[in-house]
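Here subunit A shows up in two complexes: once beside subunit B, once beside subunit C.
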Partner chain A sequence: MSTQLAAHQRGFAGRVLAAVLTPGGAVYVLAAALLIATIQANPNFGDPGVIMLFLGRTAPIAIAAIGQYYVIVSGEFDLSMGAVIGTQVVLAGNLIGEDPDRIVPVTLLMLLVGAAVGFANGVLTTLLRVPSFIVTLGMMLALGGLVSYVTGGAATGNPVDEFREVGRGRFENVPVVEFLPYPLLILIVLAIAAVWLMRRPFGRNLLAVGDNPESAERSGSSLWWLKTRAFMLSSLAASVSGILLVGYAGVHPSVGDGYEFTAITAVVLGGVLLGGGRGWVLSAAVGAIALELLFTLLTVQEVESTWRDTVQGVIIIVAVAVAARGWQAGRRPRRSDTRTPSTRIPTPISTNQPSQGTNTGDN
Partner chain B sequence: MRTRLESLTSTGIVVIVLALSLVIGAILTAVEGRNFLSTGNISAILTGCSILGFIAIGQTLVILVGSLDLSVPFVVSLTSVVAAGQMNGDPAQVAPAVLLALAIAAAIGLVNGLVVSFLKVHGFIATLGMGLIISGYLATNYQGSHGSAPRSFRLIGATQVGPVPVSALIMLGCALLAIVILRRTRLGHHLYAVGGNPEVARLSGIRTSVPVVAAHVLCSLLAAMAGLLLLARLSVGSPTIGSQGDYDLMSIAAVVLGGTLLAGGKGNIVGTLAGVAIFAVLDNVMGVMQVNPFLKDVIRGLVIVAAVAVYARREIDQRPARFDRPTGLSAVLQEKP
Partner chain C sequence: MRKTPLLRGAAVTAAALLVLAACSTDDSVDDPAPDAGSDPTTSESTAEEPPADTEWFVQADYDEQDAQRSATFEGDPATPWLQYIDGAMTDTSKYATQESQKVCFANASISNPWRQTGFITMNQQLQALQDSKVISDMEVRDAQDDDNTQIADIDYFIAEGNCDVFIISPNSTAAMTPAVERACETGKPVIVFDRGVNTDCYTTFIHPIGGYAWGIDTANFLSENLEEGDKVIALRILPGVDVLETRWAAADKIFAENGIEAVDYFTGADPTKIKQIISDELVKGDVAGIWMDAGDGAVAAIEAFEDAGVDYPVMTGEDEMSFLRKWEETGLTGLAPVYSNFQWRTPLLAVEMIAAGEPIPAEWVLPQTPITEDERADYLAANEGMPDGHYAKFGGEDLPGFPEAWQDR
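On to the complex of A and B.
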């Protein structure tokens, strides 16, 4: 009774306000602002059907961002995501072919391959102590090279339309929103699962490991298995993105190129701290949506497409600069700036910010 | 066993790996009926070293200070097109063009450094963003190759002293300069200190922003050197030359391959040069053996992970058991890299 959590001390409105002031909450405001700006520039975008189409198109990126979130929040990187997407797309194209009966076994095989890649990434990072940046870079080169070698670098194979429906199809006649694209449905299911997972002991431990691996290990967390599971989830998310992308992007080994950086950008835009230990999983997904909204806005505003990169660069720097201040301001009152320095743990990427203890992970 | 392992530094291991790859390379090349140590082949390997060498030296400084630089490929492209445009075939414009390119690169590095140190943006994001900004500028203003380098400038890329290309000599000169900075100057020591632990460095009275900004400026300057060298070789500026080479990720890989800790604070230039040389030898041997270009990536990826795993494992072996550790200052120094 007397030991109320700091997060519960204020009323509901106060908690919402406090959450919005953190980088993880601010991304919702950013996404809403971008949505309003886009609708103002092009009133058609306010149409539920158009928004549904947009969300369906964004789903693979948001799913990749959710996957990348697990890895980043545990203090690592996954650069192999794009290569995994390319691998899955090529696998689907060549193994399923024109035979609808093969859809289920090949999908299972693809998920198995995804899990295996994640397992390899995780084991090399944790047990062999190779920095994840290097492991996943190596995996990206090896997997990407292998797929290009097998396919000769060109689009090969074409899965049956039933399989492509997963990425393309939609439920018609849904009230309010007209229709519901399958990718959006998958995104919603995965997002709910992610929130549930992050509230389970696994999620709590993952945050603890990202915040301070040594103290987490001393408190009995299995460091290698936690991080390995994070890598497996990341590769599985990339596999699901790949399955969705087959639907409308075609079967080319380079479909996934650059996805890892887009996903990392989205996660960081969602206020998740690079270096681990802080951030909410839904904010990562919303970060992806905000990023895509930004591109849509630029297109609507008829900004030359070549300037898109520049605007994206400015936005992520500004967003992260603001976020760096935001996490420092914190949801809880800061004790003081002249606290004793925390012992530094050799994580792959260090941040300049002192640790505040484990985040309560208010998803 | 342990004493022998401990006397061997990470740099020692990477040099051994380099020697090993040279021997294996020589054998494989001999199997193909060619001479690995022929003048032509040696100069080809050294030429292959120089571009990535410049960038990797700069990347080493940035990684040592605890940051990263993902904007290097775009700095390479930008300097190559800007200098080519300024020269436009006129020998009198060589010096102004080089100075202009270096000044632009220094400005980019300055912004990177300021954003990282004062806005507290992680180096990964700050330089990723800067790379995107430059990439947008390049895509908007330059389509296809641009400008041209006069003959006098092209000679830099073509002349050789014996089997050693001048470009490799310039690169080694820069490496020497970087080594002197790291070993002999206050800036160098502060660089290690801030990379090792920024908080402790700050409490020890170091102005932590100075080494961070300096490392980023030097890294961009070295990337500009790589861009100018590419211009000298190709004789036209190309807006995509940097991103084609994957210089950001490959330079980071070379630095880590050279035994530098990705978290910063530990490592050196010699290891990085050896890492770059390993890549160059690997490329050369695969070229001689006519390996499929896609398979080259597979082999590169495997070699990077395997090589780094060698000394990452060693650091675990080297760590003494919890309770039979020597006491005193040496134990404290041994505790963390």
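On to the complex of A and C.
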């Protein structure tokens, strides 16, 4: 959004260039570069079927990143995501079991639980004014404790295969790409919905709230309900991820562990500004894909998987540092347009007419 | 402060450079890859050198367990939880009593299906012994995989538990040794089972043959069914637990001797990780075998082969029902090693023997025999209706509450 003013002045090529120069655009280049590097390191990864499998298994992470995006762009954090995923996985395992008739009611219940967790996070953050960092951390611990109470920390059996189909199944015989995994399809649908949502008043207000809560509130948007909806979207996204992960992998209490940080890393890598107000939702999803590509590249290069966390930690720090500066670079042209009169005028005045220099004030 | 146009231009350029630097920064993130990549290869090559004793590999223990795999066990094979290898016995005549005993059990955790199954069996055995008035009560404290918690639990039992007998399933070997010694100093019988401690002050230490035997059985099976140069992926739960580390130490040694290329990963039994690891390995090249240090997550590993549309591997899992069922369904070449789950009955039966003043083995080594393809159907039939997290050799068929107690968990 921030580049739009500048963009219209530059034509298509200029707009693409301007977009790529922002952190939200650079992530596409990064993802492409990582894909090329991975294929170069092992040509088998260039096989369409392999890429589809990769995108299928990355979809739950990208969906979580989209959910986390809503919260981060409104200036908050959601650390409860991984615990929500774990809760949903265990719910699916325990409640559906071997009975296909329970799939629909339990799925509805899971979405309801997801929405309720998000609602609680939102209300506690906005109305009780507890920092979201603390609220969602508390939620993470509470849900984690619940899961280990219910399961004792061990896996229960997998639910029926029909339920798992959504996370494991695929459309066969698709031209060019061989097949299309269902999770990828769900990701595409949710991404389109997210882009649409961010162009609606809700999305614009969410960005405004993240950028400057006070001005947004004065302009009439209801702060608590806006942010609460963001938290609900985040928890619902985590719930969908959970459903897909049960299908993809199966039931285990550790499924979802660390997803909150993977999602935050993906969002940050997608150039979304921590603290809110700036960033594109699709870049967050691509950030997730880029992150997983990086991990795949490390695997291909035979780097031990124990390095994963370290790499992720470094990425968070570097990406936040770069994003903070990068968006300033993106903003700069617009600022200069609007400020030109006020910034240029004082200089000539102060040199030519020293007596008025004091009136211009803030030098 | 306001900047002059020149300064502002410079700032924009600098900012743009920083954005560009973002790309080059990512390069530098990639850069460590080859360097870091050389680390595992060097550590691998040292691992392949002739075995010197390391923290997790003691040649003498390896040889002992290798021999115990074919040892004769005393007692009735129909009740393997009472069988033992002939050796030193502890005289318990001083403990002989007519009183019902209060048992205090410091448990490491019930955080995996193996421990959960065993704990159910133990509680059903308790019920049987309460019915016969041998045991009045068993107080259980669960340390939730935490050394400090378990030390506190044991000290609580010593000070406040009013215990007649201590049963300890240690969370870790070294850390729990002093606490076990303190329990011994009370002069009451102390029964240690599953993981070991570095003292022999206990009345009896109950365990199946051990991790090396597991590693030998499984690695021999894979080596016999694979060719030299084939690749095996080793899926390991977590580092630092002796009964798991020794499984891998023994297997790794045998793979190296047979020219099998084995790559090991820690998974935390997380099926998402397992699937990802196998998927990536399958893209990199053929995977001929899967070795697991515990069967939890075996199904996810097999599914990764299905998703990739390649042939099933030769595989060793565990006697967990999920693996046995998937093994039968897929018809892959496999073996189910067993870390005898029925050992959870033995400590309470030892309490009964101690209260009767009967001698018991000082180190009570229980049989540990893998389930082969030929035996699989029998175990599947015997455990029909049991949940996926159940263990075929749980040994509780004759206990009160069978089978509901194990089915509803």
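The working rule: the second predicted complex is superposed on the first by the 313 of 363 C-alpha atoms of A that agree within 3 Å, B and C clash if a C-alpha of one lies under 4 Å from a C-alpha of the other, contacts with A are read in each partner's own complex, and residues count from 1 in each chain.
In this section, a residue touches a chain if its C-beta (ideal position, glycine included) is under 8 Å from a C-beta of that chain, and two chains touch if they have at least 3 such contacts.
Not measured: the values here are computed from a predicted model.
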First, second, both or neither for A:Arg325, with subunit B first and subunit C second: both
Which of subunit B and subunit C A:Thr22 touches, first, second, both or neither: second
First (subunit B), second (subunit C), both or neither touched by A:Val135: first
Which of subunit B and subunit C A:Val174 touches, first, second, both or neither: neither
Which of subunit B and subunit C A:Trp307 touches, first, second, both or neither: both
Contacts of A:Gly144 with subunit B and subunit C, given as first, second, both or neither: first
Contacts of A:Ile192 with subunit B and subunit C, given as first, second, both or neither: neither
Subunit B versus subunit C as contact partner of A:Ile36, first or second or both or neither: neither
Set of subunit A residues, in rising order, touched by both subunit B and subunit C: 148, 153, 304, 306-307, 311, 314, 325, 328, 344, 346-347
Contact set on subunit B toward subunit A in their complex: 66, 68, 115, 119-122, 124-126, 128-137, 139-140, 196-200, 203, 249, 252-253, 256, 261-264, 292, 294-302, 304-305, 308-309, 312-313, 315-316, 336-337
Residues of subunit A that touch subunit C when the two form their complex: 21-23, 26, 29-30, 33, 37, 42, 44-45, 47, 49-50, 53-54, 57, 148, 152-158, 168, 245, 248-252, 254-255, 257, 294, 296-307, 311, 314-315, 318-319, 322, 325-326, 328-329, 332-333, 336, 343-344, 346-347, 362-363
Complex contact set, residues of subunit C against subunit A: 1-5, 8, 11-12, 15-16, 18-19, 21-23, 25-26, 29-30, 32-34, 36-37, 39-41, 109-113, 115-116, 144-145, 265-266, 268-272, 274-277, 279-280, 283-285, 296-297, 299-300, 303, 307-309, 322, 387-389
Of subunit A, residues touching subunit B in the complex: 79, 124, 128-131, 133-135, 137-146, 148-149, 153, 261, 264-265, 268, 274-275, 304, 306-314, 316-317, 320-321, 324-325, 328, 341-342, 344, 346-354
